[in-house]
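Here subunit A shows up in two complexes: once beside subunit B, once beside subunit C.
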Partner chain A sequence: MTAKVLEVEDLVVTIHTASGVLTAIDGVSFELHEGEVLGLVGESGSGKTLTGRAILRLLPSRRMAIQRGAIRLNGEDITKFDETRMRRVRGRSVGMIFQNPTSHLDPVMTVGSQIAESIRFYEGLPRKESLVRAAELLRQVDIPDPAVRLSSFPHEFSGGMRQRVMIAAALACRPKILIADEPTTALDVTVQAQILRLLLGLRERRGLSIILVTHDLGVVAQTCDTVAVMYAGRLLERAPKRNLLRGTLHPYTMGLIASQPGKGKPREELPSIFGQQPSLSDLPEGCRFHPRCDYSEAQCRAAVPPLEEVDVNHQTACRRWRELAKQKILGAA
Partner chain B sequence: MSALLEIENLHVQFRLPQGLTELVTRKPRRIVKAVNDVSLTLKQGETLGLVGESGCGKTTLSRAMLGLIEIAAGRVRFDGDDVFNRRRTEQLALRRRAQMVFQDPYASLNPKLTVGQTLAEVFKVHRLCPLHQVPTRVAELMERVGLSPELEDRRPGELSGGQCQRVGIARALAVNPELLVADESVSALDVSIQAQILNLFLKLQQEMGLTMVFIAHDLGVVWHLCQTIAVMYLGRIVEIGDAEAIFRTPKHPYTQALIGAIPQMQADAALNANLLAGEPPSPLYLPSGCAFHPRCPHAMEVCRSGAPPVSHNTRLVKVSCHLYDKEKR
Partner chain C sequence: MHRFNFVIFRPIQMIPVLFGISLITFILIHSIPGDPIRILLGPRATQEVIAAVHAQYGLDKPIYIQYGYFLLNLTKGDMGRSIVFKMPVLALIGERITATLFLLTYGLVFALALTLPLAIIAAIYRGRFPDHFIRLVSTVGLGFPAFWLGIMMMIVFSVWLGQFPVSGYGRTFVQHLHHLFLPSLTIAIALSAVLVRNLRASLLVEMDSDYVAACRAKGLPERWIFYRHVIRNSLIPTINLLGVNLGWLIGGTVVIETVFSVPGLGSLLVSSIFTRDYMVVMAITMVFACAIVIVNFIVDIVTVALDPRIEL
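Let's look at the complex of A and B:
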């Protein structure tokens, strides 16, 4: 196993609202190894994006706070860092890209100066040299005519090209970790495939570790090494991709995989998970998935199921996984 | 089975606004050819899936089908009657038979109206039943799309995305339409909710014999729901025909690339090596010849010049590509 570059332990993020304190992320733990692509999967509102942002301590609102837990970057707990040290972490150690590049690039700044800005800030390179580096970065993300495109503005690029620019900017100071929050959701399938290939190529070339936040299990299947499934703020299952897709040990993951169209017989009813994800202000007792789970029992309602180690690197938060696996409902067929 | 919707040589163009310099220099107005010479027929009870990258004209085509936008040339006939050149009463009569469900479930509902009011409005506008029956009809409708009765007094802001989409579908179904056009109606939804809505569409198809046009960029969704598929590229249909045949053996290089790019959900899936390069060019500057030739791995000299190729019939599928010139009958 390669070196651990990031370790999140028992992370709890709370939101202060007028009606009380809500827990948006409840005890999430995972680790990221060098060169690994970790998929953080879940439906909207599951807390996957928030987890990604919490790692950079970029919570979207002042009402949110990291209540508990540790985020260890190369062994150092960054939740204890002050803002000055955090700034260095954000640029140099961990980069982040977002779903919508248009709203995360400055529309009145040329692409070149946006990328060069962080190189100048963190590495103190003079303007000219930083622009040379920026052009080299654009070349690495496969933008044609990089030297010319330096002086283009974001609106002169297409959606896929803007995403490439954002990747170049995030990698400007050679971070070892990239957090990609739904980087291809807004793109067409053809362009999505190009961007995913680019990310995997960068991992090869730079030894980058990637946390890929996505709701698309197809994307996960193509790119990730490990998958963590989140639901209503909790981690339900964590496993190497192959184990998860071949033999998941959690009913929610099973439901997610089954409800994906494109398999089975056309024009037949898709297996779907009934109901919807609970709201944070009205979370069920015990396992948060139990009201929607076909296999829930009294014990699921009674207490929160712990994340249990079932195999090497495979953990599930289902109390009934052993029984269900024996009945061939869960696990490899 | 008779044809419910016939589209013949449809062209839709948008004229771009001119800037001051363009006005002064008397440059001609620039024109976007959004839909280019599209012909298709939709049989009663058929489900057509319209796929393509963003900007290929799928939404424009679907709006033209219902007479919602002006067309430049061509003809759209619904059950034999022209969709355009209608008086207001005829327009309303068409709306009772053909309806649309939109992509963004929040934006397509009036935020100030409750679910009950939104649905009641349809019955009132179309005078579908006496006023005192409206509440019962609304309740029936909500049950049919799987909305629980207590949601009737809620406003869209208090609903989830899936619930809003059900309201949008209920609103379209209120008139008991024969044709339903769904424009990316499941794209904004989570997988588990998406499966629920797809099942609802399937149920409606089977129970009401609904004819549907289903626009989606997710080919898995289209594969699951549709019998016929039309693949669009820059305003033209490049391949159209039986869904099964197109998915199994796509003929047009663009369709091949599109299907190759679908993320496969297998444990050993890897990224497809034969990726399409680049992105679709702007419809403002259409390439000469076959519009796909700059990105096409099989482009030949003939593709670059001359008029775009005509469709050649294979048994179940029509494809517009020079590669199949020899198969011309």
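Let's look at the complex of A and C:
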């Protein structure tokens, strides 16, 4: 196995609200190796974005805080960093791109300046030279006529091109880790595939490690090496992609896989997991998935299931995985 | 740069608008009862004298002929003669316009010097004491009519404290600054009260926007993000509001100049209406109309320069 570049351990993120303190991320742990693409999947509201932003210590609201846990970047715990040191992590060690490229680019600044500005700020390069670097970055993200496009504004690009621009801007100061928060959700399918291919190409060329936040298992199947499944702020399963897609050991992941539109069943109605993800202010006891789980028992309600190491690199937070695997409900067929 | 094509076409489009304004003003002022010559010559003038002077100024002709003469003279760059001041209207306007321009520019600079720091401080300290205080002050500023504020400041600073003259304009640049301090402060307070709230609100919206989060993720410091991204985006709506208010303010000089006895176009307009000095009223109205058109034109140019998405 290659070197561990990022390790998140027992991360807890809380939100202070008028009605009390909610725990949005509850004890999430995972690690990212050099050159790895880790898929972070889960339903809307499961805490994927929050996890990604917590790694950069850029939580979306001042009422949120990292309550506990460690985020180790090359062995150093960045939760202990002050704001100045943290700023040097952002963009230079860890970059981030977002779901909606249109709103995440400044509408009144040329894309060239937006890509070049962190180079100018951190490397003190003059405007001209930083723009040369920006053109080179645009070329690397496959934008035609990069030198000309430097002086275009975001609204003069298509959605897919804007996402490329955002990738170029995020990679300007050569971070080794990229957090991509649903980078293709706002794009149509063909463009989606192009962007994913671009990310994989960049991983090869730059030795980038990527955390790919998505709710689309199709995207996971195309791009990821390993997958972490989140539900209501907790990690339910973590495994290499192949193990997870072929032989999941958690009923929630099984439901997710079954509810993906596949090639084999074109007209059939898609099965879905009944019910809804619980709200943070009203979380069930024990396993958070148990009210929606077809296989839940008394023990599932009684206590929180730990993330259990089943196999090398495969972990599940289901108490009943052994039984269910024996009954051929879970696990490889 | 086809986005700036309107710079050429807009002035041409404005000609019919100004033409319409001149026609309406001409009709309005001539329909006010009263006769400039009678007012000028006093009650003891004989019918014959009055008729002779009427003929001299062309006032004996039907109104549409008079308007025709007005247009004809306008093409020659002549706006007629003032009945009261007995001099060409253009020369009269030339004498008075500097005070008005000085006052407006002074007031505008003053207003911006108040608005920018106050709005930025309020936005940065959102929800804390400086923000509450600035918002309270600007609400109070909105509540008082400008002329009342002007009179109060004159009473306090000029009459009681004797710091500023109560009228006039002075001769040198420094004297202008001194004489017009209170009137331009009056303008600045009225303008800033509106602008501070607007700019503060748009700063807050922009500070919360997604591109700011993306800039933070690039490792840029807050100051850099604020001064290079947030301010520019926030100014776009505020510049437009400023344009609307400047139009209103150009009309407002009539009140301010009267209150502070500034020898500008506004006070001249008021006295000329009382003396029915037709050509002067016409000319000043046209100057004000042109000024409003030009201000809007400049605002459009600035908006297009600030916001690459806009095409006019």
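Here is the rule we use: the second predicted complex is superposed on the first by the 326 of 333 C-alpha atoms of A that agree within 3 Å, B and C clash if a C-alpha of one lies under 4 Å from a C-alpha of the other, contacts with A are read in each partner's own complex, and residues count from 1 in each chain.
In this section, a contact is a pair of C-beta atoms (placed from the backbone, for glycine too) under 8 Å apart; a residue touches a chain by one contact, two chains touch by 3 or more.
Remember, predicted model here, so these are calculated numbers, not experimental data.
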Simultaneous placement of subunit C and subunit B on subunit A, clash or fit: fit
From subunit A, separation angle of subunit B and subunit C (C-alpha centres, steps of 10 degrees): 70
Subunit B versus subunit C as contact partner of A:79, first or second or both or neither: neither
Touched partner set for A:216, first subunit B, second subunit C, both or neither: first
Larger contact residue set on subunit A - subunit B or subunit C: B
Touching partner for A:172 - first (subunit B), second (subunit C), both, neither: second
Which superposed partner A:191 touches (first subunit B, second subunit C, both, neither): first
Subunit B versus subunit C as contact partner of A:100, first or second or both or neither: second
First (subunit B), second (subunit C), both or neither touched by A:23: neither
Touching partner for A:153 - first (subunit B), second (subunit C), both, neither: second
Shortest CA-CA distance in Å separating subunit B from subunit C in the superposed model: 5
Those residues of subunit A which subunit B touches in one complex and subunit C touches in the other: none
Subunit C-facing residues of subunit A, complex: 56, 58, 60, 87-92, 95-96, 98, 100, 103-109, 117-118, 121-122, 153, 155, 166, 169-170, 172-173
Subunit A contact footprint on subunit C (complex, rising order): 209-211, 213-221, 224, 228-229, 232-233, 236, 306-309
In the complex with subunit B, residue positions of subunit A that touch it: 43-44, 158-161, 188-194, 196-197, 200, 215-219, 221-223, 241-242, 245-246, 255-257, 259-263, 266-274, 276-277
Subunit B residues touching subunit A - in the complex, by the definition given at the top: 53-54, 160-162, 190-196, 198-199, 202-203, 205, 217-221, 223-227, 243-244, 257-258, 261-272, 275-277, 279-280
